[in-house]
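Here is the structure we will look at, set down as structure tokens.
Order of writing sets the labels: A, B, C and D. Residues in every chain begin at 1.
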Amino acid sequence: MGLQSQDFARISATTFRPPDVRHDFEVAKLIDVSKCIGCKACQAACLEWNNLREEIGINRGVYDNPHDLTENTWTLMRFTEWENPESGNLEWLIRKDGCMHCADPGCLKACPSPGAIVQYNNGIVDFVSENCIGCGYCVKGCPFNIPRISQADHKAYKCTLCSDRVSVGQAPACAKACPTGAIVFGTKQAMLDHAQGRVTDLKSRGFKNAGLYDPPGVGGTHVMYVLHHADQPQLYAGLPNNPRISQVVELWKGLTKYAGMAVVGFAAAFAFVHATIARRNDVSRAEDREAEHLIDEEAARGRQT
Amino acid sequence: MLHELSRRQFLKAAGAGVAGSAVAALGFGGAEEALAQAVRPFKLARTTETRNTCPYCSVACGVIMYGLGDKSKNAHPAIIHIEGDPDHPTNRGTLCPKGAALLDFVHSETRTKVPQYRGPGEKAFRQISWNEALDRIARLMKDDRDKNFVAKNQDGVTVNRWLTTGFLAASATTNETAFLTYKVVRSLGVLAFDNQARV
Amino acid sequence: MAVRREEGRTTVDRYPGRVRVNHWVTAISLILLALSGAALFHPSLFFLSGLFGGGSNTRALHPWIGVVLLASFAILFVQMVRYNFWTKADTKWMSHIGEAMSGREENLPEVGKYNGAQKIVFWLMTLLILVLFGTGIMIWYEYFGASFTIEQQRVGHILHALAAVAMLLVVIIHIYAGFYVRGTISAMTEGKVTGGWAFRHHRLWLRQEAREGVIDERQVPPRHHGVGPAE
Amino acid sequence: MTNSWTDIKNTDLIIVMGGNAAEAHPCGFKWVTEAKAQRGAKLIVVDPRFTRTASVADFYAPIRQGTDIAFLLGVIRYCIENDKIQHDYVRAFTNAPYLVKEGFSYQDGLFSGYDEAKRDYDRSSWDYELGPDGYVQVDETLQNPRCVYQLLKQHVAAYTPEMVERICGTPKDKYLAICKMISECSARDKTMTSMYALGWTQHSKGSQNIRTMAMVQLMLGNIGVRGGGMNALRGHSNIQGLTDIGLMSDLIPGYLTIPKDREVDFTTYMSTRGFKPLRPNQMSYWQNYRKFMVSFLKSMWGPAATAENEFAYQWLPKLDVGGYDLLRIMDLMHQGKVNGYFCQGFNPLLSAPNRNKITESLSKLKFLVVMDPLQTETARFWKDEGVHNDVKPESIKTEVFELPTSCFAEDEGSLVNSGRWLQWHWPGQEPPGEAKADTWIMAQLHMRLRELYRKEGGAFPDPIVNLHWPYRDPQDPQPDEMAKELNGYVVSTVTDPADPSKVLLEKGKQVDTFGQLRDDGSTACGCWIYSGSWTERGNMMARRDTSDPGNTGAYSNWAFSWPANRRILYNRASADLDGKAWDPKRKLIEWNGTAWTGYDVPDIAVNAKPRDVGPFIMNAEGSARLFSRGLMRDGPFPAHYEPFESPVANVMAPKIRGNPAARIFKDDLAALGTSDKFPYAATSYRLTEHFHYWTKHVWVNAVLQPEFFVEISEQLAAEKNIQKGGWVKVSSNRGSVYAKAVVTKRIKPLICDGKTVHVVGIPLHWGFTGAARKGFGPNSLTPFVGDANTDTPEFKAFLVNVEPSNGPATS
């Protein structure tokens, strides 16, 4: 089953924007950190659904296992023990890390390979392996440090938001599995509404800074968090405070790209023009003869010394 | 149609209308593959669904097992995926990290597959047939029972007990298995009978 | 190295074989790097990856070609560096660059093996190749992805891109000059130039070469005395 | 569970104590988050560790393991002091007004009648004052100093917040905050639910832990109501079923009991079990004991069980001791008194306490048979696995059989969940290799034994050769056949005595309810509480109707719930004396003037008038027992006792070690450690990533939690110079293990009786088979002592020492 270009909002490394004629529902996944018990059901469901198996690691004195995202581990619980200076209470902040499916995806912007990264109209940002060349540009493009390159097949991998499930009307595997309903899935609007209710509840329970994490810097995301301390996202295993695509990447993929093309083109053009107008730079018969004389003189001088 | 569209778009961008064919020859072809191949096919289409219950804790979540084959005579069923049963009142489709990984339990490399026997002092198991195993076990049981069965206690009261062989029952077998086990074990007069309720 | 009197013409040796080989290895590497780099640089040029057997191969080959370039250029550098030290004359020559470009060299000072512009090209290439290789390492994800922070790699990318553009400019100038100044190409094909060419563009150098002596390769030497093998 | 998982959404306050629901039962815990979301309910967690349940709690307080009784008796004291009890409920539905015999007393940590030599009580003084009419004397005013209420008030007086802090290490302010939250649930329209598990049972006074909370719940009027109850979160998928069906030393299916030696015949046996009401016109299931028992015997021995031979009563073995539980049998094995042993899906080498003793015991067997879908350590107890199983195979003479069995995915039948739901499931594939269903294996063994006894004769063959075996294929009985036996069926047609032409029960038909069972042998029933699970209407356990009228969470047409498809036990107590719901918003059943109607099946007769019959019909009193008479071996009231291994002395009775009535064998007493050598208070538990000793065989779970570790506080780590993620050696007086150290803020040192107590957390789940890294279980360290009433091993409170180490490889 093929998709039509109308089904895409963005396609990497193409100089055209797909005709924006279809308007699917934008979907989103909402992760309510305050409801999360860190059971890792989402990790298990992800590995199982995507037929991935991670290698069996070791214990490093923490609950985080594996220790980081990998080409097989597309989502990961990150545990933070934090003593709240205000209440004096210990808080165990547990965040499900993984692709945020940005509205303005840095990975897609950085990708040099046509169609290796696509964004569907429903907002899902997907990697297309057969087009991926394994350059790792997406890693540099991502403000959340999510994509991982497999050393086995040199392709980039990350959460697909279960685009295969969503395409047949099912929720992502992690969202379906989540025992406490900390992960919910639906249209972006529905998720925003749901989040409001959660934030109100949390405020009523004394978390006065509770709020939604839907960072505008990347145009909002299709994976959002409800945080009890939305004023300090970095508490949650370094969730970026105000993520945006790196200026350097913007410059590299913006100005440099076009300026570079222009400059080189200009140089070529200049040469062409010069070649046509400038006087031929050729050796004249006269110079040939003068050369002979000069050679004789110098040769003679050479012999005297 | 799709093919045309993207190709035309690209050529415009490449600003090389004439060179088009050459370009194609050079192997350009990214965009339309993306369009054609983007989404991984849904893996559960046409698998056979079977309702079951998670065998771990006592929440007893409903699960759906997705199996290869359509139950036709020659299709050997094999479970390829397990997911929560959305109809189940308790788990409503959710599963914990154990339940979500049940598939690897069913297909675990360290599942027992053949009867094995280890003789006195031996360092390893060796495979034996079911008949050898069961005949031998029955013989060992009968000899022990005949030797140590207590029909009457010292006061001459009928007690009909057999104390020198014990039976630990499972924690995850079905009620039906449990009852058949109960019948067989109690009929022998076994009192050293226990289950995993405490641990 | 020598000046040779041949049937009907006089030539001056400019480049021995080993230099010519290095030059062409470097040149070809540069072209391949430009093509593969361009494929990854701008979507509208991605089709160039077809030349290398697709995107993945392009991604895998580009850095290795870079290694080849570095090696061959390093040798070239050793072979040429001693002719490329800057002199007052070069400064004077550069001040008349406009005349040179419009083909009038009468008022220019006599030039040795290389003129100021050529020396600048030489040093620019040296510098840019070093930058390109350094930043190239930083963004060679397959082997060095773990050795640099993502932020460093981002900077690496943009520097690599800028250096590459600059490199292209230098290369274009170098190649164009070769064509514009007639009689130059033979230096890197046959390894020699005509006496007239040397007289016109590198007179000082011609003098030195001539002093070294002249080899007469004609069948019938003229009665004219004073011709002998160079010592 | 008195209630069900789905009922938890109806609560106002959840207290998780003696358990870790979020980690051990995540999908059930969902209903806690539902209650929080739907009703704004609050969650309290009391645990030695800040668990993943605590991470989503509204209030957390630490407690030293093994001191829960002191904590909860203090709560009762608080409720009485502050008049936060539901008076009508307590007066009408509990035995608070009942008078207790003169002679009952409690002092210095002991109740009247203690015999130190026997470590047991003479419980005759622990009973009610009976009137001439044979009924209990009551004082509705609760003023009589001998009434249960006054005795309880006196009993709990010592458990002041200061005393609780001294014993439990729970800061007073936190403790009082919790008392306040709990006590508010004494209001008619507020309920609390208690979710507990092995954190309460695995103690030498486990049963009393649970009793104490049950008493709190009764004082608050929270038993029998929606969103209330005592909810035991059973650890295994069908451990409820195996207990119901009585796969225990002293049980017969449906909680009937195995005869004792003194019960020489059926009449004597029945004399102590028949029901004798303690209050006027009280009813009880046990009135029907004889019917249940005879029907069970008929299902065992069919035609061979006749009125003439007491329905084969004598074919049942008789008990000479309390029971041959796991600990006792292992001890006998250790003494060389056991020759053969079967483990059906059970891994005692890692599950039973004091692993070294278990290894020695198993080594003394003639033969061991293990039936399991997984390669267990028990089946390999003889295998030299280096530090992970340090034995010499050549010196172990035991014959071992490992029989491969099917797993859930390959078998059919029913499981009973914590909420007493019997749910049917279907197979999705064939067992791998030569693996077989347990039913086939048991049938094969029976067939062979029956054949041998028929051919050779031998010791008392009757119960074997006559075992009722009515299966289509005797070699391979099918689940539906056993299911129908369990439900019960009519053996011979029963007609109405008044009018013999009127057939009441037709031969061969399934019974609809245990009400139809007879004591004359005309019915057979494997397990009376399962009656109604497979009737003439078919398999009720396979029902999948998700409708839930009134949104009560009862789901009455989903599967089948014992008894009689009742979803909430003691539901009569959800209504006041006159049968109106305590809380109209949470109506369950109500008296409409002529009958009980509502969302659940009433547990008293549908037409039993409100003030006539008490709600707790399992008890002869018809009311709940705050004072348990002689029914608990270790006291009619709970009292604080330290664990057998404790870092501090019992501040209330310094001379007493452990629970004075708990059974402990001689060598095991000697093997106990003391806090001078083993200063740290250890506890064992499950992690959410794993299930018991199974999921280490599951690749994905092995990835999520790959390696054995112990958890210690940052303070202890600093004291002992232990690195996060470094190796430590943990040892008790019975053995030692190597583990990685998880150094965490989630465990904090406690101050108990002025002494700093460091808690060491030791998860189970690791062994030497499976996909996960090789490791150890806490049972290498735990003491071999059990609860006074159930002999559940004391896994949750023991003493260890912790030292930095280089790990098993180099040590």
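Quick note on the criterion: contacts are C-beta pairs under 8 Å (C-beta built on N, C-alpha and C of every residue); 3 or more make two chains touch, one makes a residue touch a chain.
All figures in this text were calculated on a predicted structure; none of them were measured in a lab.
Trainee: Using the touch rule from the top, work out which pair, A-C or A-B, shares more C-beta pairs.
Mentor: Of the two interfaces, A-C and A-B, more C-beta pairs touch across A-C.
Trainee: If you average the C-alpha positions per chain, which one ends up nearest the average over all of them?
Mentor: When every chain is reduced to its C-alpha mean, the one closest to the whole-protein mean is B.
Trainee: Could you state the distance in Å from the CA-based centre of chain C to that of chain D?
Mentor: Centres of chain C and chain D (C-alpha means) sit 88 Å apart.
Trainee: Cα centroid separation between chain A and chain C, in whole Å?
Mentor: 40
Trainee: How many angstrom between the C-alpha centroids of chain C and chain B?
Mentor: So the centroids are 69 Å from each other.
Trainee: How many angstrom lie between the centres of chain A and chain B, each centre taken as the mean Cα position?
Mentor: 38
Trainee: Could you pull out the residues of chain D that touch at least 2 other chains?
Mentor: 26-27, 30, 688-689, 699-701, 704, 771
Trainee: Enumerate the residues of chain B that touch no fewer than two other chains.
Mentor: 13, 30, 82, 91, 94-101, 104
Trainee: For chain A, jot down the residues that touch at least 2 other chains.
Mentor: Expected reply: 13-15, 39-41, 43-44, 47-48, 113-114, 116, 131, 179, 181.
Trainee: Taking the complex as given, what residues does chain A use to touch chain C?
Mentor: On the chain A side, the touching residues are 13-15, 112-114, 116, 131, 133-137, 139-140, 145, 149, 151, 154, 246, 248-249, 251-252, 256-257, 259-261, 263-264, 267-268, 271, 274-275, 278-284, 287-288, 290-292, 294-295, 297-303, 305.
Trainee: Sort out for me which residues of chain B touch chain D in the complex.
Mentor: 48, 50-62, 65, 67, 76-79, 82, 87, 89-92, 94-102, 104-106, 108-123, 125, 130, 133-142, 144-146, 148-149, 151, 153, 155, 157-199
Trainee: Can you name the residues of chain D that touch chain A in the complex?
Mentor: Those residues of chain D that touch chain A are 22-23, 26-27, 29-30, 33-34, 36-37, 40, 50, 52-56, 58, 60, 688-689, 699-709, 723-726, 740-746, 771-773.
Trainee: Provide the residue numbers of chain A that touch chain B in the complex, in ascending order.
Mentor: Listed in rising order, the residues of chain A that touch chain B are 1-5, 7-8, 11-16, 39-41, 43-45, 47-49, 51, 113-116, 118, 120, 126, 128, 130-131, 160, 163-165, 167-168, 173, 176-179, 181.
Trainee: Using the touch definition from the top, list the residues of chain C that touch chain A in their complex.
Mentor: Touching chain A from chain C are residues 3, 10, 39-44, 46, 49, 54-56, 58-60, 101-104, 139, 141-142, 145, 150-151, 153-155, 157-158, 161-162, 164-165, 168-169, 172-173, 176, 179-183, 194-200, 203, 206-207, 210-214, 226, 228.
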